[in-house]
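Okay, so subunit A shows up in both of these, paired with subunit B first and subunit C after.
Up next is the complex of A and B:
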């Protein structure tokens, strides 16, 4: 007789990526994870470059800087600051909202239902607007040749 | 679709019989639907006319029992609560709710849901055990106190929130939006005194800190319960009690026994009196 135990049906990691036709905050969750992962990878890369290569003397350091000074890494740098702006500001929104701030009070469930985060969508939009302002600022700075 | 015009819609249903099938597969059925036909009515049509072996759960057919949760076009819905024409498509794909094991076809195994629900002590806890088990009178509660949690009492344990939750997808031990939402519902109840017991259960590994507030559960909920909101309010209580900023709470007392009784309404003359 075949095994009649219920069959496992968890989405696993695919469940993080697959966002169905849910609305904005479900996609921000995904973007928050992706940017977080990207920033960790950048952090490892950055620490490697500024420690291991640096202690090997001026020649190695200059060669590394020479290697990194090309459009691919410049665009990468812009993506890193964009990811940082999003992750930091969205993170602040999450910290506030996960402690119950800016979400209002429970309401009677009268159809059509609107959950707290959608009733207070304004805060999400304010966060995204602030991210956009920073990104535009970074882009102007980047297009002008950056601080260095 | 207008009036009583009948349109043929293809129902692409995931089938899985643990006694025969190695893995789930899809079967297609053509179902005639009218304006207002629900997905559940389509499934009942298949069971009555096309394939009686199709398995799905249903009971009340009016969004109260929470039996017929399933994925319709990859989003969790109650089949009875969802009309076919909402999807503006000639084809509907039906799958069992993910993040819960499949028993057969569209029937998910809700055992873990109920176990997790039970684990957060979803009942009024009173300091006096005798009073809790054998209350002499009802506990007092003001409308304002009821409004603090009324929204969260509408949970029908259908499992749609668990199917929508990205954390439940990858962490099988995660308590899930349903249980955490109900933990808040009872902590927020003015008649309850069990908050400390519940906070110890939810403020643990696989507990409420694993929620990342994607809020998909609240969007999927067919009853407007908003479990994501409840979890954030529960976190506020956990942090409040950890830093000693929690409000002092005394559970509501019981209604005082009635001292005066009104005179009984006299039995009308024409009533047949017992001999």
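Up next is the complex of A and C:
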């Protein structure tokens, strides 16, 4: 039977950050992974707060909201929203790329030609710009105190 | 082949989570901008406001769908990362089952509470 195990990553987690000659997209991949893990961690806390503490009535709910209503959690919440904006839009870019929507018209490989990553670079920059716009929207609400 | 199907499911659930989570976050956190656009939201974290949403089937449906898609996307993503660590297939199988059990427990908890609140 064929061995389906992935190639051994001899650099370990350090190799996520640096293995030489990484492009912008490779760092976005790292950021996608880190924000994903962060969102899982937040999700566990969030799910606990919105189930166990929500079902016990008004007093417990108000006490939970009172506990969470401090600057540390507010900034943390803004970071979570930022991570979501990045993870969602970068994920959309990855899906569009995987399905071939960002490939563009085929061109003959005549020197000097652009490689596949650089031909998709515009999409990457558009994604980052959209993330910035979304984060600014969330920041306006965060700075204004928001409803929560 | 199994991983190809999982990868496809990861993409589909990713899109679903992005849409549903944006609705969720917009209602909870974009009050200032939404009120500027004409949608008035009165303190979404207040108990009465929260219960009002919890008693509507639409919101319960949105939350349960978000939970199902979100749990799959998160835990499958975690498994994808773990697959890269080069663990033996036997250990990976054990970890996969642990992840599935963890997901089912959280899905049961996260489904039970909206259903209870729906009827209170």
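Descriptive notes on the structure:
The criterion applied here is as follows: the second predicted complex is superposed on the first by the 124 of 148 C-alpha atoms of A that agree within 3 Å, B and C clash if a C-alpha of one lies under 4 Å from a C-alpha of the other, contacts with A are read in each partner's own complex, and residues count from 1 in each chain.
What we mean here is this: a residue touches a chain if its C-beta (ideal position, glycine included) is under 8 Å from a C-beta of that chain, and two chains touch if they have at least 3 such contacts.
Everything quoted here is computed from the prediction, not taken from an experiment.
When the shared chain is aligned, subunit B and subunit C each come close enough to touch A:98. After overlaying the two complexes on the shared chain, residue contacts for A:136 are found with neither subunit B nor subunit C. In the superposition on chain A, contact of A:63 is made with neither subunit B nor subunit C. In the superposition on chain A, A:75 makes contact with neither subunit B nor subunit C. Legend: residue contacts after superposition of the two complexes on their common chain; A:20 is shown touching subunit B, with no touch to subunit C. Contacts of A:125 after superposition on the shared chain: neither subunit B nor subunit C is touched.
In the three-chain superposition model, subunit A touches both subunit B and subunit C at residues 4-6, 8-9, 33, 98. Against subunit C, in their complex, subunit A makes its touches with residues 4-6, 8-9, 33, 36-37, 39-40, 43-44, 47, 50-52, 54-55, 58, 61-62, 65, 77, 81, 84, 88, 91-92, 95, 98, 137-138, 140-142, 144-148. Those residues of subunit A that touch subunit B in the shared complex are 1-16, 18-23, 25-26, 29-30, 32-33, 94, 97-100, 103, 105-111, 113-118. Per the touch definition, subunit C reaches subunit A in the complex via residues 11, 14-15, 17-18, 21-22, 25, 28-33, 41-45, 47, 50, 54, 67, 70, 74, 77-78, 81, 83-86, 88-89, 106, 109-110, 112-113, 116-117. If you check the complex, the residues on subunit B that touch subunit A are 16, 18-20, 24, 74-75, 96-103, 108-109, 147-152, 154, 164-166, 168-170, 172, 211-216, 218-221, 223-226, 228-229, 232-233, 235-236, 239.
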